[in-house]
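Read through the structure below, which is laid out as structure tokens, and then see the notes.
Letters A, B, C, D, E and F name the chains as they come in the text, with residue numbers starting at 1 for each one.
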Amino acid sequence: MPYITIEGGALTREQKSELIRKVTEVASEVMQIPMEFFLCTVKELPDENIGIGGRTIDLIK
Amino acid sequence: MPYITIEGGALTREQKSELIRKVTEVASEVMQIPMEFFLCTVKELPDENIGIGGRTIDLIK
Amino acid sequence: MPYITIEGGALTREQKSELIRKVTEVASEVMQIPMEFFLCTVKELPDENIGIGGRTIDLIK
Amino acid sequence: MPYITIEGGALTREQKSELIRKVTEVASEVMQIPMEFFLCTVKELPDENIGIGGRTIDLIK
Amino acid sequence: MPYITIEGGALTREQKSELIRKVTEVASEVMQIPMEFFLCTVKELPDENIGIGGRTIDLIK
Amino acid sequence: MPYITIEGGALTREQKSELIRKVTEVASEVMQIPMEFFLCTVKELPDENIGIGGRTIDLIK
């Protein structure tokens, strides 16, 4: 603990690695908890599985 | 906000689009929040990753 | 299964009952799965625990 | 209800079936709720989508 | 990782402690991952926030 | 979208506001998505509802 999960569209391997590192860094600093206690996951979803305002992103793009 | 997520088995593209639209519509109406504030995701899982009563769905079907 | 969860601000008891009923109804219809298989939860969060665009809702309102 | 979800790396079909059965059994016993009311899902993520201490597992292994 | 979360109604402190211990034990054994890598949370919801078949549990009980 | 959720122990109002802002900032930068599209929630749990290695945090502290 703490556990951070980030849901969104597809990302590159480099983006996921950088995202997990930077999000963990700032959260560790604000929450005053050492980084090694942090668990972080990235959940990538296809555009047709994500809706904003009732419309799927593949139709919005 | 609000955020709605629907977890279940595989769906067609048309079902996902209709599901996201209709779920957002009724939730917007009940919660008295405009549709554009709603985020909605559909998470599809293989049958062998879903268990009811301790048995995976691929064994139940 | 399926499992639907709705995260947002505080709601009245009547809103939660109506929300769970109506969301389950439309999802059952679209997914062609009988209502009794549906599990649905409502997760209410304080405004200061919800952020849009990096700003918490209690500051936006 | 209750709903149990297990997030982690890739598992075999046999592991998922055994995991869902055993986790449901012990939870049913402790929570004093019959097994048939339990819903359980397994969410498998690639190593590059999981971070511990800010480092993705594919880099740690 | 792995991360296990158990959502349901209110539990006693003893039940939560036993539930977390036993679920982690069986999952560790099946997934062949040492217990200390496991993170587990219990999320308690009021009956009026949980619906089965479109009806909230406070109405079903 | 994207949606970020941070689960952990109790935080002050200031920490939650700063956490949501900073996490959204770094994620927006890495994912190349404008901040206003980000939804972020903080979920606070009591120590007895969080387990590491099968032991609840209230017993570990």
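What we mean here is this: a residue touches a chain if its C-beta (ideal position, glycine included) is under 8 Å from a C-beta of that chain, and two chains touch if they have at least 3 such contacts.
Only a predicted model underlies this, so the values are computations on that prediction, with no experimental measurement involved.
Looking at chain E and chain F, the chains that touch each of them are A, C. With contact taken as defined at the outset, chain B and chain C are each touched by D, F. For the self-contact between chain B and chain D, the two sides draw on mostly distinct residue numbers; the shared fraction is below half.
For the pair chain A and chain E, the distance between C-alpha centroids works out to 24 Å. For the pair chain D and chain F, the distance between mean C-alpha positions equals 21 Å. Looking at chain A, residues 1, 3, 7, 25, 39, 41, 50, 52 sit in touch with two or more other chains.
Which chains touch which is summed up as A-B, A-D, A-E, A-F, B-C, B-D, B-F, C-D, C-E, C-F, D-E, E-F. Remark: chain D residues 13, 16-17, 20-21, 24-25, 28, 35-44 touch chain B in the complex.
Residues 7, 45, 48-56, 59 of chain E touch chain C in their complex.
Residues of chain E touching chain D in their complex: 1-9, 11, 15, 18-19, 22-23, 25-27, 29-31, 33, 50, 52, 57.
Residues of chain B that touch chain F in their complex: 1, 3, 39, 41.
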